[in-house]
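Naming follows writing order (A, B, C and D), and every chain is counted from residue 1.
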Amino acid sequence: MNSKIYSSAALALSGEVRDGMTIMSGGFGLCGVPSDLIMALKASGAKDLTVIGNNVGCDDHGMWHVLANNQIRKVLASYVGENKILESRYMSGEIEIEFNPQGTLAERIRAGGAGIPAFYTRTGYGTKVAEGKETRQFPGQDGVPEWYVMETGLTADIAFVKAWKADAEGNLIYRKTARNFNPMMATAGKLVIAEVEEIVEIGELAADAIHTPGIFVDRIVLGSGYSKHIERLTTRPRAVAAAAGEQF
Amino acid sequence: MVWTRDEMAARAAKELRDGYYVNLGVGIPTQVANLIPDGMRVMLHSENGMLGMGPFPYEGEADADLINAGKQTITELTQTSYFSSADSFGMIRGGHINLSILGGMQVSQAGDLANWMVPGKMIKGMGGAMDLVAGVRRVVVVMEHCEKSGAPKFRRECVLPLTGKGVVDLLITDLAVFEIDKRGGAATLIELAPGVTLEALKSKTEAEFAIASSLAMP
Amino acid sequence: MNSKIYSSAALALSGEVRDGMTIMSGGFGLCGVPSDLIMALKASGAKDLTVIGNNVGCDDHGMWHVLANNQIRKVLASYVGENKILESRYMSGEIEIEFNPQGTLAERIRAGGAGIPAFYTRTGYGTKVAEGKETRQFPGQDGVPEWYVMETGLTADIAFVKAWKADAEGNLIYRKTARNFNPMMATAGKLVIAEVEEIVEIGELAADAIHTPGIFVDRIVLGSGYSKHIERLTTRPRAVAAAAGEQF
Amino acid sequence: MVWTRDEMAARAAKELRDGYYVNLGVGIPTQVANLIPDGMRVMLHSENGMLGMGPFPYEGEADADLINAGKQTITELTQTSYFSSADSFGMIRGGHINLSILGGMQVSQAGDLANWMVPGKMIKGMGGAMDLVAGVRRVVVVMEHCEKSGAPKFRRECVLPLTGKGVVDLLITDLAVFEIDKRGGAATLIELAPGVTLEALKSKTEAEFAIASSLAMP
């Protein structure tokens, strides 16, 4: 069998991106973002893309570069507050944004990957999010009927995933809060490409601790330059914190 | 005399119970993390995929892979666990989080909450707020009683687009605390800031509310 | 805060079981079964129980004891082929069984725990399983409309979970295929009790490798006597296998 | 001359492709695990929560926590991963498994499959069979062409309760191999066991089927 490992993000994407495609990309803020794959997507020059992700980039980082390059027509996201280009192009009507509650977005992607075309959630009932969607009652947690909104599963032509470690089989593990949307996206792309910080020998990842089984991963790329970016560096001075007991 | 932001946070902290799993929004709610009483075990949930949020890191020890939902660098505790966004919001939607404390732009007497967008202004998105108010068992909103213009924020109906309909259990402002029966659709005043008269409160409130018998009104 | 750790299964269940309750219990065959909790359920004597589980016991093991003690009125399961009492009481009409496809059962429990009152699946469309249920069309994997069946979320009054290790916070990890239905059930019980083989110090379980975060677990019991039962011991003789290369 | 069980398993093994993720049912399908060609990478899925199923353990090395969906003790490989039943059936339902090979009681010409219950007989349950046939991309059924009584099992319509409607892609019997267009609802004979005449086959088949042009019929 051909190896799943590709020597660069550009090679992993080569010939796969076409205008009008739907691309999912993991990450929350700057955390767990498949940056090399995103830059390869920019280099592909593909236009009219629909991009699904929690933030779809932050100023000067991640999917922001693809936005700035005018390749994106539509975005599905939950929060774009640190993304001035996206905010302004949305307000000007150049880009369509479908705002999804964060949990609904996560569950829609999980559903898409798990063959569930639609599900019901209480989230968003009675708000703009429910407009035009089917609503109906089911018994709530205490048995009393409550209103729910039907949401549909999401899939993508290509899913970009950022993981910490991979083996050649494509088994992935994520690190701390860099996990976020990546595991669901790994199940919901027709083509799934994982960008990782380390490729380890098969057998090094504990079988009980694998987050994404290799079945979901088509291609693996060793990412470059993981001097990771921090969006909001918040620290406490060591001496004062110890004295005052203040935490936040 | 109105309550300060610190006093509002302290009042919100009184909603904590031993063993609670709690999600705190940005702003005043974040301060509640510093007000957990000694000996009380409260685990903080961060909706980007973490349970057991620790304090900010010491200088030089920040980890780019470890941030909270406000995208601030944080630390982990010995009992911390990490999970995906789908699992995190499964916890929220499934009613496993005991308490959410968050900010608001407007609250209605029936417990509707608006805190995510102002028509015509830049829209940033609702993030996890709609999921939190729909799923968490007890939702506490902490906000100023009035806008800077003086316009009331506790209203008969929210004018701003809703974050959730019938979702708020307790409203803490700088003037008063209201309990909201979100099924019954009715609010009750349960506390007044010292020196704030009922007349003054009513003049700054559009919502209708009952007055708790425990409030010894003259 | 009171400790989540109870000194016995009987104490963990004490005063919690009432006639007519719904109990979920993890396990697949004899693998990952919370045996001590089940025996405590038997000792409780509670009647008219509804039990949700993949198999609901195998002859002489697990929930079979509660069945044999006439405490069960209804069962939701996917397969009862190694459970003669259940088979015969079903055929005689003494016990009601709602057969669920295994994946539908797993997803219904996951949905119940995640606040999803209903979802759609292609599984069972056009079969007895879909009788009386809402069916509707959604676009399938290739965009062509396909028929789906609506299934509802499941919760329980009490969920019994069998894990490998727990810490005092209630964080759990499972071992190999003993994981099966346990993680979803841990999210779907109003009261969740975990029976484990080892209780470790807080901090010993790697934060990235925890399968069930402690938020879901109300009570923890150290199980007794883990000389685990094997239903179908299948082995290969060492020399012959090496020579012939036969695997199964 | 009819195909033996080993020959039927060998025919089923021809459906394997390099890189496939495969789920095998009990009986003849299980034998396919021993027929993976050298150098071909095929990963076996066990729906109770495992990908990368290894062979049976050596005597004395069985692990009670490691069983397959048939409840037999098995082993793991270096690339094995474990997951929950919900995640396992997410793989199945989401179309991530390339191929499922399983047994059948009856198959219809439109690709309906019955293999889980006989009315009036003891009902054991469908286990994961309904999920597999509904979710796996390519479903191959291996079964005897007729019942012991001689009654045909490949039929216009299944008489037994269905496991899935329009789900079978390929039917391998001891007499022949049929390709089924499950969307179009039509079957085509593509292979005949050596020495089995078309007349003999038709006499033992209730289903209607076309004959592939590749079959050089006299």
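Methods note: a residue touches a chain if its C-beta (ideal position, glycine included) is under 8 Å from a C-beta of that chain, and two chains touch if they have at least 3 such contacts.
Values in this document were obtained by computation on a predicted structure and should not be read as measured data.
Trainee: Going only between touching chains, how few steps reach chain C from chain A?
Mentor: Minimum step count, chain A to chain C: 1.
Trainee: Among the remaining chains, which ones contact both chain A and chain B?
Mentor: A chain counts here if it touches both chain A and chain B, which gives C.
Trainee: If I rank C-D and B-C by number of C-beta contact pairs, which comes first?
Mentor: C-D
Trainee: Any idea how many Å lie between the Cα centroids of chain C and chain D?
Mentor: Spacing between the chain centres: roughly 27 Å.
Trainee: Distance between chain A and chain D based on Cα centroids, please, to the nearest Å.
Mentor: About 36 Å, centre to centre.
Trainee: What whole-Å value do you get for the distance between chain B and chain D if each is reduced to the mean of its CA atoms?
Mentor: Here the centre of chain D sits 55 Å away from the centre of chain B.
Trainee: Taking each residue of chain D in turn, which ones touch at least two of the other chains?
Mentor: 76, 82-83, 89-90, 92-93, 95, 135
Trainee: Which chain A residues reach two or more other chains?
Mentor: Within chain A, the residues that touch at least two other chains are 107, 110, 114-116, 121-122, 141, 174-176, 179, 207-208.
Trainee: Please list each pair of chains that are touching.
Mentor: Inter-chain contacts occur between A-B, A-C, A-D, B-C, C-D.
Trainee: Residues of chain B touching chain C in their complex?
Mentor: So the residues of chain B in touch with chain C come to 18-19, 21, 40-41, 43, 45, 51-52, 76, 78-83, 89-97, 135.
Trainee: What part of chain C is in contact with chain A in the complex they form?
Mentor: 107, 111, 114-122, 138-141, 148, 152, 155, 173-176, 179, 206-209, 211
Trainee: Inside the complex, what are the residues of chain C that reach chain B?
Mentor: Where chain C meets chain B, its residues are 1-2, 110, 112-116, 167-169, 171, 187, 202-203, 207-208, 210, 213-216.
Trainee: Note which residues of chain D are touching chain C in the complex, please.
Mentor: 30-31, 33-34, 46-50, 54-68, 70-74, 76, 82-86, 88-90, 92-93, 95, 112, 122-131, 134-135, 161-166, 183
Trainee: What does chain A use to touch chain B in their complex?
Mentor: 28-32, 54, 77-82, 87, 90-91, 97, 99, 101-107, 109-110, 121-129, 141, 144, 164, 174-184, 211, 228-238, 241, 246-248
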